[in-house]
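Here it is, the structure in full.
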């Protein structure tokens, strides 16, 4: 059963993405694309002639996608949270290397920003993991989902996580890595056809990845988890529609002051 | 509209004496081909906050005499100067060609056929 | 920012502004400047419209029998309406409709075809002029 | 693959390039992306990136200086692709026809599939053209489409298909 | 015991042989054989179970005293010669202290040499990595502009240094340790100054005086140990309790901070980067500086769960972050590596000072894999420097096209420093786990945890910034020429890579954790990449998107320079913390 | 060692409507040098106006210099020619012309605000403004028959009259719009992320505004009191409630605010115009051929538009000189970029509301 879910992860993510595009359009009082639009895009991309800059660049996207999927699988299988975070980091690094491996200005800046984003959200993810550990006594997801009351015990960590969700799902105010109007999508700028497809789908997986973290806060109650995911989803989209994109430096500053101190205060609160 | 004639050699001095950044808005450099290799060059100013006050310094010249640059007085004159370099093929020191035209496109469209 | 958040949320419950265009026609206001239409019966072939048209979207082909054929290129026209204002018999010979021209495909020769026409019209006039001239000369010599 | 072709129609990503227009048509494209006409309901994303685009929305009659860029962008769009010339001046040169720095319509350089009239063209017309363009897109093949002019050959270098020189000026290839 | 003798004497013999026979081929054979022998011996030592101890002959002890005095006089002379007050003052201080201590030193009760688990582990690092570096050095020195004799001397010196290192990690007497400590100082001094130009000289002197501070604090520590516990032996000292014990230990750990180039002493290590690359590899990242975590590890039974231990782990953790951050503003490849070494040494010391069984184990793992990876990186940097004449990462752009193999090694080095399933990654992962589990004991570990997390993130940023420069290459169809790189350079790199992989595999096996093994799975993609690349011929190659324009794109990397104010505050802060170690030691 | 990145922006870039090419020399992402190429859109309108078009057609041609303020172009040209013909339009014509110019200003300002929001990464705001802008587009379409190129003004008058239905429609939409603008003003003032993005960013100081001859909203945002509407007497602006809008900080925020408040002012003026519309002919005969030289200045949405027309009593003119606002604003623009972050560059650029198509003509 779990393997089916793992196999379906991109589809699930695609639905989330599709739903998000509809929701965003509605928030802007537009009709918006159909719900299945991401899949149309996917199939369309498969049908394009592919242009590449050089082979390693193209393949790194593939590797990124595969490793990302692997990390999603790790989540579903209930592995150690820290491993999962680092696996994800690894996937991200493959992508960043890809961005750097072409001599393209936007790709380079995109990679730079992606690195900054990693530096920004990685600590928070780990702190959240540590928070789970302190409350449940284990880093294993399989153990963590057996606990409860996370929301009461580590509420500020949840808030910290909330702050970084927009980074991962590439939403305002922290969509600096993609920033269409500045760097035309950043890392993804040089991809086309099937190889872009992998990047496009890895976005779906990112959704699953980050929303799983949110889901964990529900503990053993699946309902609470689902409600949390939905609430965060809605909130993130609301914020996306109410803010402009901040500068990368601002993003770092906000994360490192607000989010980190929230997390630290919460951890201290548990410990003292 | 006031038109004041001057010459290329006295241009810098005249405009230097006339132009006070807080009073005058520099509009543009303008060239008008008069035919037979002659050109009228105009430097146009308007006054801030005063109705219908326009002052035009103009010079009758030909295409071969280099035109002095006003950039030292008015930094924004560079645009107009580059424009007349491109459009009329004049030489203005410090103003490069290539604002509008590529090297290989037609040269100096506004210059009259002579 | 809270205001914007609230607005975004409320927008979810407001009607959308989108006009489902191809499914639902958009009503153009009366007086919309659409296609130029031509009524051959009323036209007196004064060529005023052709002369006044800025981009040259109206051309007359000079037929050998002295009549002219009207050519109009909606992909060249800028819909300024100047031709209609110039026309001595507006509403009958030339008028501006309120409909839009649809887009053309490659086969319609929107540009390529017009180059051909321009050349053809020019040639037809020259040819006609020479014919006329020679006819005149002939007339004179006959006299 | 046959199975995928219908989806071309559902996900047209556009690239917009202004090849010397007066902005009139560009702001209408912008308006078409706006909430009233909302191109996104057709699945349109304005990618701004040729490599991920299917539809090339061009405005402007191609000025002398933008022609190389036009061809360069065109050659960076992977097939199948559709070119939509938005506005009278893009289709035929419009009011600029015959001016010295203008090339009378983009179809002097690249194959145009849909010509949109209007000066300025309007969102409705743009949507119409898009719908028409999608039909063309569906029928297209994935073979390489070449621009007409300023065209360096498509070469294979070390067994790899290369489009690096597709938009060099005529004759420039031989020089260097 | 014979084996330890082999470890100590074989390098010296090899060095002598090298001095005698000036044949290139022979140099390879000798150094290769030495490498093989040393590694085998070290490995068999490591697997042997028992600890053992032995006394040094009395004569040798006298000899050491004489040598020590000569050494200090030499320092004094150098200070005099180059007019460096700091060197002179410190040398004189050490002479006086040393004289006094020798006069009151108790007759050795216990053995001067103790080979325990830790020593064996260190043998492994020193001989495995050091041997490879010597092998590499032979090739490297070929291209150096120095007399053949000097070149041989250089390689010989590296070998002798190996034996010094082998001895230091089993010294039980603080005085012996001091002597060897000063020997390593001497070694860095001489080898940094090897090129003999102005900058080298200056940096060498800087290294000299900073390291001498270490010497002074060791002596003071020894003095206190003698006064308080009437011993100069580590093991006796560590067994005792109460009184001035903490002060003595604190002073000794301060020596470690200096040797480990923790801030504010990182200057000497960075200055050391002017030395020939094998020196950087050997002294300044792979082996010598490992004395620092080694010393802390040795002291950790006492340090664990004390204020002194706490403050050292604090310093270590903060250094980890600060040095990673400072590295981001650098553009010389070796300096970047140097800074990251400083950072990781800080981490190791932090973990060692925490002193739980788990954290000690992690510190040791970090030491081993760091030595391997850094040696690999330094040696590769040396190749780029020698063959392509580029030191600055800005010059290394697109190097992947020109030197694919070397860049491959460098990337592998980075990967092994940051990614699963390699040792360093595992080390950091477990470090987080173990620090997290400590949180319940004392919330103050939160600082260490934070530093750990943020520092790791910054290091990732750093490594991939550099990797990016190497990788950025133009389109596939644009050919660029590569240069053949001789086997002399490649073989050591291959050996190191092999060690890294073998280490990782061994480590994973040891963990017996299914997840860890699975973690290795994503790496398959990376290794599978090159093989797939060949099948990519049917795709069109195009140029990068440049807004429709043509023309080449040139970019520098991103540099994050902290402002002068922040830097100054940082140095002051670390200076105060450094002094605080002694104060805290005195108080408890 | 050189540590700069060259970041290109344009000629094709998603944040640009038009081809303009910047090359930013950046340290990290901080801009230290700018190089701009503005000539991609050069078509040769000035020459064509004197060679291929008769003076009566030129009004339609110069409208295609720029689609955003086409109406100001045709107005300036028409005024210049009318001056040469010695013709003075009656009040109704003047009022109608003013109405169109002000409507155009509203839509252009709104477009600029939307575009600045989009370039700052605030898509929802872009959509909101674009949605509200349709109100004014409808009015324009109804009055002139086209959404963008109005072709409303011709020599001797205007082409269409304002019927009572149109008056009603205009009234209604202006009323709706003014509510929306009030909401926008609140939003621009209070949104936290917008103030990060806009306040103190892209500052043009008053000093710089004087030195670089800034104009239009750009100058007024810096506190330089210049507005052609107050500096010419061609139109009775003061009588219709014109006030000059000034801000002092000179950053993006100030420019946005100048535009927002100008929209409010323009709405008020438009209402005054339609309420006090004089009675008269909308088209009178202006006889003769242009002879002599005339200069005309008109306040376009982006600042002063300048026309110099010289004729010698023939159908073809001798010289049509067009000096457009953005053309003059470019030196100031380049100055502002220096020291800014690249991440802000698209927003700064959009806040200048540049128009390359008129810059290059």
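Annotations for the structure displayed:
For clarity, chains are labelled A, B, C, D, E and F in written order, and residue numbers in each chain start from 1.
Here is the rule we go by: contacts are C-beta pairs under 8 Å (C-beta built on N, C-alpha and C of every residue); 3 or more make two chains touch, one makes a residue touch a chain.
Computed from a predicted structure; not experimentally measured.
By the document's definition of touch, common neighbours of chain A and chain B comprise D, F. Chain pairs B-D and D-E differ in how many C-beta pairs are in contact, and the one with more is D-E. In terms of their C-alpha centroids, the spacing between chain B and chain F amounts to 24 Å.
Inter-chain spacing, taken between the CA centroids of chain D and chain F, is 28 Å. In whole angstrom, the spacing between the mean C-alpha positions of chain A and chain F is 42.
With touch defined as above, residues shared between interfaces to two or more other chains in chain C number as follows: 1, 4, 8, 16-18, 20, 54, 78-80.
Residue positions of chain E touching 2 or more other chains, listed in rising order: 475-476, 536, 539-543, 545-546, 548-549, 553, 555, 558.
Residue positions 17, 35-36, 38, 41, 47-49, 51, 64-65, 69, 73, 76, 78, 94-96, 100-101, 119, 122, 144, 163 of chain D are each in touch with at least two other chains. Pairs of chains meeting the touch criterion: A-C, A-D, A-E, A-F, B-D, B-F, C-D, C-F, D-E, D-F, E-F.
For chain D in complex with chain C, the touching residues are 35-38, 41, 84, 88, 91-97, 104-105, 107, 111-119, 122-125, 127-129, 131-132, 136. Put simply, chain E touches chain A in their complex at residues 398, 400, 418-420, 425, 429, 432-433, 436-437, 439-440, 443, 446, 449-450, 453-454, 456-458, 460-461, 464-465, 467-469, 471-476, 515, 518-519, 521-522, 525-526, 529, 532-533, 536, 539-546, 552-553, 555, 558. Against chain E, the residues of chain A that register as touching in their complex are 49-56, 58-60, 62-63, 66-67, 70, 74, 79-80, 82-83, 86-87, 89-91, 93-94, 96-97, 99-108, 111-112, 115-116, 118-119, 122-123, 126-127, 130, 133-134, 139, 184, 189-190, 193, 260, 264, 267-268, 271-272.
Here chain F touches chain C in the complex through residues 53, 56-57, 60-61, 64, 124-125, 131, 134, 138, 141-142, 144-146, 149, 151, 154, 159-160, 186-187, 190-193, going by the rule given at the top. Taken in their complex, chain F has these residues touching chain B: 38-39, 42, 44, 46-47, 210-213, 215, 224-226, 230-233, 295, 297, 304, 306, 308, 310, 318-319, 321, 323, 327-328, 330-332, 360.
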